[in-house]
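As written, the chains take the letters A, B, C and D, and residue 1 is the first residue of each chain.
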Amino acid sequence: MDDVVIRTHEKVRLRDPILIEGLPGVGNVGKLAADYLRDQLPAKPLATVYSKFFPPQVYVSDTGIIRLVSNDLSYWVAPPEAPHDLLVLGGDYQGISPEGQYEVTEQVLRYALQLGVKEVFTLAGFAQGRVVEEPRVLGAATIPARVEAMKKLGVVFSKNDPGGGLIGASGLFLGLGRLFGMEGVCLMGETSGYFVDPRGAEAVLKVLAKALDLTIDFTALEAKAHEIDRIAQRIHDAEQRSGEPGTPGAPASREDLGYIG
Amino acid sequence: MDDVVIRTHEKVRLRDPILIEGLPGVGNVGKLAADYLRDQLPAKPLATVYSKFFPPQVYVSDTGIIRLVSNDLSYWVAPPEAPHDLLVLGGDYQGISPEGQYEVTEQVLRYALQLGVKEVFTLAGFAQGRVVEEPRVLGAATIPARVEAMKKLGVVFSKNDPGGGLIGASGLFLGLGRLFGMEGVCLMGETSGYFVDPRGAEAVLKVLAKALDLTIDFTALEAKAHEIDRIAQRIHDAEQRSGEPGTPGAPASREDLGYIG
Amino acid sequence: MDDVVIRTHEKVRLRDPILIEGLPGVGNVGKLAADYLRDQLPAKPLATVYSKFFPPQVYVSDTGIIRLVSNDLSYWVAPPEAPHDLLVLGGDYQGISPEGQYEVTEQVLRYALQLGVKEVFTLAGFAQGRVVEEPRVLGAATIPARVEAMKKLGVVFSKNDPGGGLIGASGLFLGLGRLFGMEGVCLMGETSGYFVDPRGAEAVLKVLAKALDLTIDFTALEAKAHEIDRIAQRIHDAEQRSGEPGTPGAPASREDLGYIG
Amino acid sequence: MDDVVIRTHEKVRLRDPILIEGLPGVGNVGKLAADYLRDQLPAKPLATVYSKFFPPQVYVSDTGIIRLVSNDLSYWVAPPEAPHDLLVLGGDYQGISPEGQYEVTEQVLRYALQLGVKEVFTLAGFAQGRVVEEPRVLGAATIPARVEAMKKLGVVFSKNDPGGGLIGASGLFLGLGRLFGMEGVCLMGETSGYFVDPRGAEAVLKVLAKALDLTIDFTALEAKAHEIDRIAQRIHDAEQRSGEPGTPGAPASREDLGYIG
């Protein structure tokens, strides 16, 4: 089979569309952000991306219906006065091998190119290894003009972070995107890295909303953040009582944090 | 070489055939069921599937004859009054890499499509991690109509199981099958997951027999189940006497359970 | 690059040639046997096999000259009265992934097919996990006639050995060879599996010499076997004196055993 | 996408160019040497090599600009009286799988061949596992004439080193290069193997400068070596005071050694 198969659900013509990528990763910040954006716009299904570089897996819905793991492109037609329609890429997995990362990213970029995409925003988490009360948004970009534009929106460009560069889809969409003549920005929401983090996703989306002049209602995302807080607090209290801090992954209740969202 | 090589032994025309897949996996339930079905129908050899995504291995028969590991398609011509001929897929291995799973599954589905297959049953085990006295059959399907049809046959569609979805051939044949326009059902026999389980296979086959209006004699399968029970009991008794439970894989006698069937 | 690159050094026409494979493996029995056969016949260089499925490695000779790792085909023109010329395949490595095993084997078989090969002997070791004083030769074959022929030469066909079949080149050359219409035999010399074993190689070659009516002088191979014996004895003595048995791989002196030959 | 993508920045015609390879590896000796040579000549950017066999990673500059990991070819036009222009290959990574090593090396060699390359120097480190005060340069070559020429420049050709041959790009560029009709030499600077070693790089470059009649100012490289010495000394002193030798990788300060350069 082809390494990557993209099935188009609807033929569309988009006006100077911008691609926004958010796939599973650190704190699931990118995926939470992209999925939330898609639901709030709301964006409509455009195409589904299958690949032999994803796990050989189907998900089963509550009603017993299977669905092959995939990435998914949705589109949003902006109001006439806005300059850019949007393409949102979310999904179940990143490619599960280095080669797979390259292949999936390249095929999605080719597809996006045909739709006229010249600009990419990638959304990700940045693991700080400690609780982050008010997450900043760190940035990286393909050209200095984008760096300057993002700085004006409060994005932090740090000399030391991310030290080892970006590994995975959020970096690759920019790095390979350049080979297709696209420019772009990676927005990284600070997060502990210990659990799914809607607050990091909110920080990232707020920058994106400013950059693209979008109005997003964050009520539902904040509710999700509070839910995570409550669970984290309950675990913390239980550990205090037992006098024994939980090790990551040990108590089932702690693991619940990873599955919300 | 081609990633997957399918050698046809006999050219056949089948009436609206249904593909039934049962490959090695949890408790070997799927393989036991597919092999038993093939023998009882009996189905005739149709084609052999070789792939570089299987291990580089040959088996040696009792008489010293080698055979390259493979998957195998058999066919059964139903009586004139029955609507569907059957194709049964069994074999030594699933593809041993994620990419291999996709490749082998896709090539077998393409082959099945040429024979007119529009419907797939996949047979598998569902590991409960505990001894299961009377195994239920859990289900997943491609469309609601199939879910309803299976519920009428006693198949359980559980909101929580399988939680992480299905990994491997039994899920992939349905997930990729949809891309070929096929519908289908996965039948999962509950099993401990600790050893080869003919009882899980019997449970699955009984549902399949009802769904396809087949008459199957379960005598031999039940004999095999009793044999497993006897071995398990003997090991249990020995462990009781020694006051020391066996660790998985430690005593040779316990491992025997894995090789029956 | 092509997955497998075969460079022909000399164009030859061979009379009904038989392919003899002996690559590194258990006790290096197959490789020792094939290399010894090549040197004794002597067979001449025919072609070199390179592949990206071998390690990215060059060897450096005593004089500082590098050589890319490879497999190598040599040919031997039999006397006019003998029915078969011979092709001998030896080399540094088997393919280092399952896929690589299939690819390399298939390309070598295609090459052999073009030279007219219809029969294959594969040479290997069979690990007994204990010292073997007088190694037997176990067999496996593609058809019953070959089993019978080998039995007459003293080859043992055991119902239980090899239990899990054959993994690697010696099995694959027969298993894939069948898909090219070739018949063949695998000869497995019993060996401890702990070190390089010229005695296992000798046992295998003696059967092969009888099967193909070859005259082979075993003096040098027996000398090598005695050398291994002496080293093994010295290590054993040292361990006795220190009262402490060596663990495999721990003392450097013991490891020497693996590098002879 | 293509396995390897080479983007040419400038079309050049070179006079009988020699390729000099230095990629990350033992002590980073090869990379340090190639990068230093490129800067000192100075060589100009010729082409960038991207590959799905590199990690899916971008680096981020101090100013926030991303760059996809790559290998890079630079060229240097020699003075009219010198017989060879130079091509220098450096980069972030070697191919990260055996197959990737072969693919990247082969594509770069094909590219070099089109530019007229007939000779290759590969630069590498040779790990001695102990502090090396005055690193020798060990050698390996494709033909005896090159061995003799290098001996005259003080290169050591040792019967025992490198015992297991050369693994990775420095060996492969010679081994595969031969298949393209290229001859070459590998120069290996002795190094401890414990940290980045500019002194090993200097030793290698001094031989190369003599071989190619280049004038190189080593001031900056020696400064870097002194910096490494100072850090190593400080760590050593701290360990002496605490009475506890550091284990490789344990104290953060010791790890700093790996990131200089």
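We adopt the following convention: a contact is a pair of C-beta atoms (placed from the backbone, for glycine too) under 8 Å apart; a residue touches a chain by one contact, two chains touch by 3 or more.
Computed from a predicted model, the values in this text were never measured in an experiment.
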item	value
Cα superposition of subunit C on its sequence copy subunit D - rotation in ° rounded to nearest 5	90
Inter-centroid spacing, subunit B versus subunit A (mean Cα positions, whole Å)	38
Whole-Å separation of chain centres (CA-atom averages), subunit A against subunit C	53
Residue list for subunit C, restricted to those that touch at least two other chains	none
Pairwise touch network: line, ring, star, complete, or other	ring
Which pairs of chains touch, using the document's own definition	A-B, A-D, B-C, C-D
Residues of subunit B touching subunit C in the complex	1, 5, 7, 50, 52-60, 62-69, 96
For the subunit A and subunit D complex, residues of the former touching the latter	95, 98-99, 101-103, 105-107, 139-144, 147, 157, 159, 162, 165-169, 171-172, 174-176, 178-179, 186
